[in-house]
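We just call them A, B, C and D in the order they show up, numbering each chain from 1.
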Amino acid sequence: MYNTTVAWITFRALFGRRRALLFALPALILIVLTLGLKSASGTVADWPAIVLGQVGAGAVVPLTALLIGTSVLGSEIDDNSVLHLLATPVPRRAVVMAKTSVATAVTFLFAAVPVLIAGVIAQGGLHSLAVGCFLGSALGAVVYSCLFVMISAAVRHPVIYALAYVALWEELISNLVSGAKYLSIEQWSLGVAHAVSKNTNLNAHLTITPSLVLAVIAVVVLLTYATRRLSAFTVRAD
Amino acid sequence: MTAVEPSAVPAARTAPEPATPAVVSFDHVTHWYGNVVAVNDISLELGPGVTGLLGPNGAGKSTILHLLSGFLSPSRGSVTIGGVAPWRHPAIFDTVGLVPERDSVYAFLTAREFVLASAKLHKLPDPKAAAERALQLVEMIDAADRPIQTYSKGMRQRAKVAAALVHDPKVLLLDEPFNGMDPRQRMHMMDLLRDLGQRGRTILFSSHILEEVERLADTVQVVVAGRLAASGDYRTIRRLMTTRPHVFLLRSTDDRELARVLMASPAVQGVALTKDGLEVRASDHGTFTRKLARSCRDAGIGLREVIPSDESLESVFAYLVGA
Amino acid sequence: MSVIEQPIIEAKSLTMRYPGGVTALSDLELSVQPGITGLVGANGAGKSTLIKILLGLITPSSGQVRVLGLDAQEQGPEIRARVGYMPEHDCLPADVSATEFVTHLGRMSGLPPTAAKEQAAEALRHVGLHEERYRQIGTFSTGMKQRVKLAQALVGNPGLLLLDEPTNGLDPSGRDAMLALIRRIGSEFGIAVVVASHLLSEIERICDHLVAIDGGKLLRAASLDSMTQALPWLAIEVDEGSEPLRARLEGAGLTVSLQGRALLVRLDGDPVFDTVRDTIADLDLPLTRLEHRRHHVEELFERRELDEPTEAKL
Amino acid sequence: MSTPTTSVIHDIGYKPYTGPRLGRGQILRALYVHGLRAVFGFGRGPKAKIVPWFVTLVMVIPAALNVYASSENKPLILDYSLMGVRMMLFTVLLVAVSAPELVTRDLRHHTLPLYFSRPLRRGDYPLAKLLALFTGVLAVTLLPVLITYLGQVASSTSGHMIWLDTRAAFPGLFVSVLQSAVLSVLALLLAASTSRRVIATGLIAIFFLVTLAISQVMANALGTSWKTHQESCVVPALDPNAPNLSGNLFGVGGGVNGPPDFVINQYCQGVNAREYGIDNVTGVKDPNKPGYADITVTYETPVYSAIAKAGGLANPVYVVEGLRIWVFNATDSDLPNPSPLGPLYGAEAALIVLGGSAGLFLRYRKVSVS
C-alpha cells in the first residue's frame, strides 16, 4: 500500500518550487535563537527546556508540518494537477500513504532533526532533554503530517484550516481548557519528551502512555479519513 | 424557431460497427451541484471511433467527461465505462486515459519524467519503452528533457496527451485538447486522434472549434443546457431538421433566369438574389438536389457553384442551440 | 488606392536573442498596413516576444521597430498610450464592476478623469456591455469577460489594437460575436487591428492581411485574398452514386480523384462545368455541392503540399 | 434647395478621443490615489471598509481619553511616544488587510499585464502602491498623536507649555512615520509574494505576531534576569512608640509591611523603589536616633543581557521602538534601552525600508506581460 512513483513526484513537487526555502525557515529561527541564547550571558537557567519544548516542539514542528503537509496534497488539488495522479489505477490509499510519508519524512528532517541539533547546541552535548524533545518532535511530525494531509484532502482552503487549528486549538484552547490536552498533538509530543528527560520545565500535562496511545489512534483515524475523502474526490464546478 | 425537439432526434448514429457493444454508456444520468443541474437526464452510448462533444459554455461538457472519469458521481442514473461504474473505482484507468482541460501539470518535471511517471503509475511492464512510444506519438522526443514549465501551452497539452496515452487505453477522454495548440500541432493531433479512432479506440473529445470537430469526429454529441440535444453524424442531424429549409448558395451563368426556374419548383421555398449569387431556401432537400442539375440543363443555364451554406456543423450547432 | 499610407508597424531586421541563448526573433522584416492583420505562427515562433517589443517593454538585440510612427525603443510610453492590448489569458478582477475597471484603466492610459469615464462608457457600449456595465465582472460569462478585455484595450482610444487570441475559450456563438466585433472595429472605427490567433479559419474570416512568422522569421506576409485563391479543382458532392459518377466523368475524359466524400475534378475550362452538370442530370443524382477548391491559409503549415490532391486515407 | 429640418439622426458611432493625454507623472498620481482609496475601502464593497474604519476608530479612543485628561489637567492616558507600540496590533491588522487589497488582487487576477502595457514604467506600479499604503497607515497612526497634541495645546496656559508639548509630541511623530514606513514595506513585500489574499493576510499577521513573540521572549523570559539588592538605611518611623518595627509599624502599607515607597525613596540613597517595587522590608528602632528606624530593604532590579537588548531586533515594530528609546533616551518603554546596540536598530530600520522597497521593485521587474 505504498507507491514509490507517487512519493517521488511528491518529493519533486516539494523541492521543485522556491517555496521549499520556506520549509527551513522555522528551523533556522530555532537554531539562530539557540545560538544567540547560548552565546549571551545572563539568560535564565532553564532556557533549553523552554526553547526546545515551547519553541521547538510547540511551534517549529507544527509550522513546518503545516507548510509541508498542505503542500504535498493541498496545492496539487488547488491547481487540479492532482488529476494526473488520480487518473491512474493507483489505489487512493496508496496515494495518501505516499503523500503522508513524504510529508512526515521532510518534516522530520526540517523540524525534528533541527530540534535535536538545537538541543545539542544548547546543552553542549547529547543529553536526555535533547533526545526527549527530538523523539517528541518526531512523533509530532508524524501526527501533524497526517492531520494536514487529511485537511488537504477534505477542505478547499487547507492552509487556513490548518492555521486555525494550530493557532486556536493548540496555542489557545488547549492552554485554557485542561481537558483539551488529550486532543493536543503538542501535548503528546511533550508527554514523550518529558518521559525521556523528566524535565518539569517542559510543561507536559500528559504521561507517555496516553500520549502514545492517543497518537496512534489519531494516525489511524486521520489516514483512514483522508483516504475516504480522496476516494470521493470530485472536480469542482467552474 | 423549433427546428426539432431535442428528444425527438433518435440516436441516429451512423455507427460503422453495429456489432461492437457500446464502450461508454450513460443511462438517464442527471448530475446537480446544489441547486444547479449540470447534466439533465442524458442517455447515450459510444462505441469505437472519434466522437466530438459539443455545446455552449456551461452546457455540461466537462461534467460529462468528469462523470466518465469518476471525478463526479451521478446524482441519478448510471454511468458505465467498459461495463464498470467509474465513481470510486480508479481501476477503470487501466483502460481509460484522461486529458483534463485545466492547464495544470507537474511543471517541475520534464515531459519524459512526467510520461514515465504516468507509465509507472499504470504499472506497465516496460514503462521506459511505453513512455518513449507515447512521446514519439505526440512528437515530443526533441523537447522531452526540458522542464514542462518552459513549454508553450500547446506543448504542455501534448505532454498531457502523451501521459494519457502511455498505457494505450481503450477509451480516451479529452477536454478541449486543442486549446493553445498552433496550427501545425492541431493538425498533427487531429491525425493522431483520427488514427487511434480508426484502430478501434473509443475517443471522446470536447471542443469549441467546430471546424475541427467537423474534420475529426465521426459522430457528435451536442449538449445544450445540460440536455443531450442531438447525437450522430451532423449531416444526418441536419437532414432530420425537416422544419428548417436548407439554404444553398448557387452561382450560374444566369442567376436571374435560374431564380425563375427554381421558383417554379414546389421544393423551393424562396429565392433571393444577392451580390454573392443566388440564395435558395429549399424545403425538400431530396427533391431539390435531385432536380437541380436537370433543371439547369433543361433551361440551358451553366451551373458554376452549389454551396450548401447551412450544412456545416456550425449551422447545425447554431440551430440546435438556438432552438 | 493611390494614397500611400504609412505602415502601422514597421520592423527592420529585428533580432531578439535572450540571455539564455534562445533566439526568439531573427532578422524579422515586417510591415503592417492599416486594417485587420492576422498574426499566425507556431508556438514559440516569437509572437509574444514581438508583442513585448512592439509595446516597448523589451529592447531587441538589434534592428528597428516603429509603431504608429514612433520608435519602440525610444518612445515606449508614447506607444503604450496609443496601443490597446488584449492579452490572451484571464486578466480581470472579479469583484469590480465593468465600468469601474475600464474607467480605471482609461486613467492608466493617460485619460483625464472625466474623459476616462466617458470613454469607458463608450467602449463598453461598443462591445455590447452597456446594460451590464454596473455588474461585477466575476458574474460575467466567458464571452462577456472577453468583451471587457476588449473594452479595456479600446478605452484609451488606440490607433492600434493588439489582440492575442481574442476568441480563446469562447463557444461558437461567442466566437461569432467577437469576430463580428473585431471586424467592426477594424472597418468602422478605423483602428488598425493585429489579431494573433491559432485558428486559421478565424483569420480567413476577418482579416485583410496575414503575417505568418515561423522560427522568428517572416514566413509570409500577404493579403488574405491572395492567399485564398481558387485552385483549378472542382469539388463535387452527391448524396449517393458517387462511384458511377466518377466512372462517367472519367469516361468523359476528365481528371477525377476522391477526397473524403468529395470528387475532385480538374477544371480545365468552362466546358467542364457543363459536362459535370449533364452527367449528374443523366444519372439523376442529388447534387449537394459543387464548389471551387481554394487555397487555405492552413497550407502554410502543412508539411505536404496540397497542390495536388492526394487520395484520402478513409 | 434643401430646407433646414428639425429631424436629424445623430451619429453615435465610434468617436475617437482627441483631448489631451496625461503624462506619466499624472498617471502615477492617479494610481496612487486609487491605491489610497483602496486602503480605506473606497470604491469597494462595504465589507472592505470594515477593518480600516474599525482600526481608525480604535486609534482615536486613547486620543479622545487624552484630550479628556488634558482638559482635566491630568497626565495623559497614553503618552505620544507609546501609541505606536501599544496600538501595534491594530496597525498590523490594518496592513494585513490593506496590503493584500493593494497588490494581491492584481496578482491573483493577472491584471498586471494591463498596467504594464500602458504608459507606466515597471517601477511605477510598486512605487504608487507603496506610497499609497504608507500614506494610509501614516494617516491612521498620526491621527491620535495629532488629536492628543491639539488637546494639550488647547488646555495649555502658556507658550512655554506649548513648546514643551511640541517637544514631547516629537517622538510620537518619529514613531508614526518610521513605523508606517516599516509596516508598509514589509506588508507589501509579503503580500506581493502570493496571489491568494487570505494567505497574504495570514502571512502578514503571522510574520508580525511570531516576531513579536520572539522579541518578547528574548527581552523578558530569556534575556532579563533579576538581581537581588539588600540595602540598609534610616527612615523616620511613623509610630515611634511601636514596640516592634518589623510589623506594620510605619502605619501606611508600602512594599511588604514597610513604609511607603516614597518614604524609602526619599531617605534611602540608591534604592530605586519607585521603579522596581520593594520585595521586603525589615527593621528595628534606631537606638541612636529617636523617632527613626533602621531598615533593611530587599528589592530586585533587572539585568539586561545582550539578548534582551537585541530582542527588539526580531520584530519590525520593536525595531522602531528600540530606535526611539535609544535616540530619545526614553525610559518609559517595555523594552530595555538597547544601548550600545542602538546603531544596530537604526541600521535594521534603514535596511527594512530600503531593502524592502528594493525587493518590491525587483518583484515587479519579473512580472511577464504576455
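Here, a contact is a pair of C-beta atoms (placed from the backbone, for glycine too) under 8 Å apart; a residue touches a chain by one contact, two chains touch by 3 or more.
Please read these numbers as outputs of a predicted model, since none were measured by experiment.
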item	value
Lowest number of touching-chain links that must be crossed from chain C to chain D	1
Between the pairs B-C and A-D, the one where more C-beta pairs touch	B-C
Chain B and chain C: spacing of chain centres that average the CA atoms, whole Å	23
Centre distance in Å when chain B and chain D are each reduced to the mean of their C-alpha atoms	63
Approximate Å spacing (C-alpha centroids) for the pair chain A, chain C	54
Distance between the centres, which are taken as Cα means, of chain D and chain A, whole angstrom	34
Junction residues of chain A - those touching two or more other chains	none
Pairwise touch network: line, ring, star, complete, or other	ring
Listing of all chain pairs that touch each other, if any do	A-B, A-D, B-C, C-D
Residue numbers on chain A that touch chain D, as the complex places them	29, 33, 36-37, 40-44, 47, 50-51, 55, 59, 157, 159-160, 163
Residues of chain C that touch chain B when the two form their complex	40-45, 141-143, 168-175, 198-201, 239, 270, 273-274, 276-278, 280-281, 284-292, 298, 300-302
For the chain B and chain C complex, residues of the former touching the latter	55-58, 152-155, 179-187, 208-211, 286, 289-290, 292-294, 296-297, 302-308, 311, 314, 317-318, 321
Chain A residues touching chain B - in the complex, by the definition given at the top	3, 5-6, 8-9, 12-13, 16-17, 79-81, 83-92, 231-235, 237-238
In the complex, chain C residues that touch chain D	48, 51-52, 55, 57, 77-78, 80-81, 83, 85, 87-95, 100, 104-105, 107-113, 115, 119, 122, 126, 152, 156-157, 164, 185, 188-190
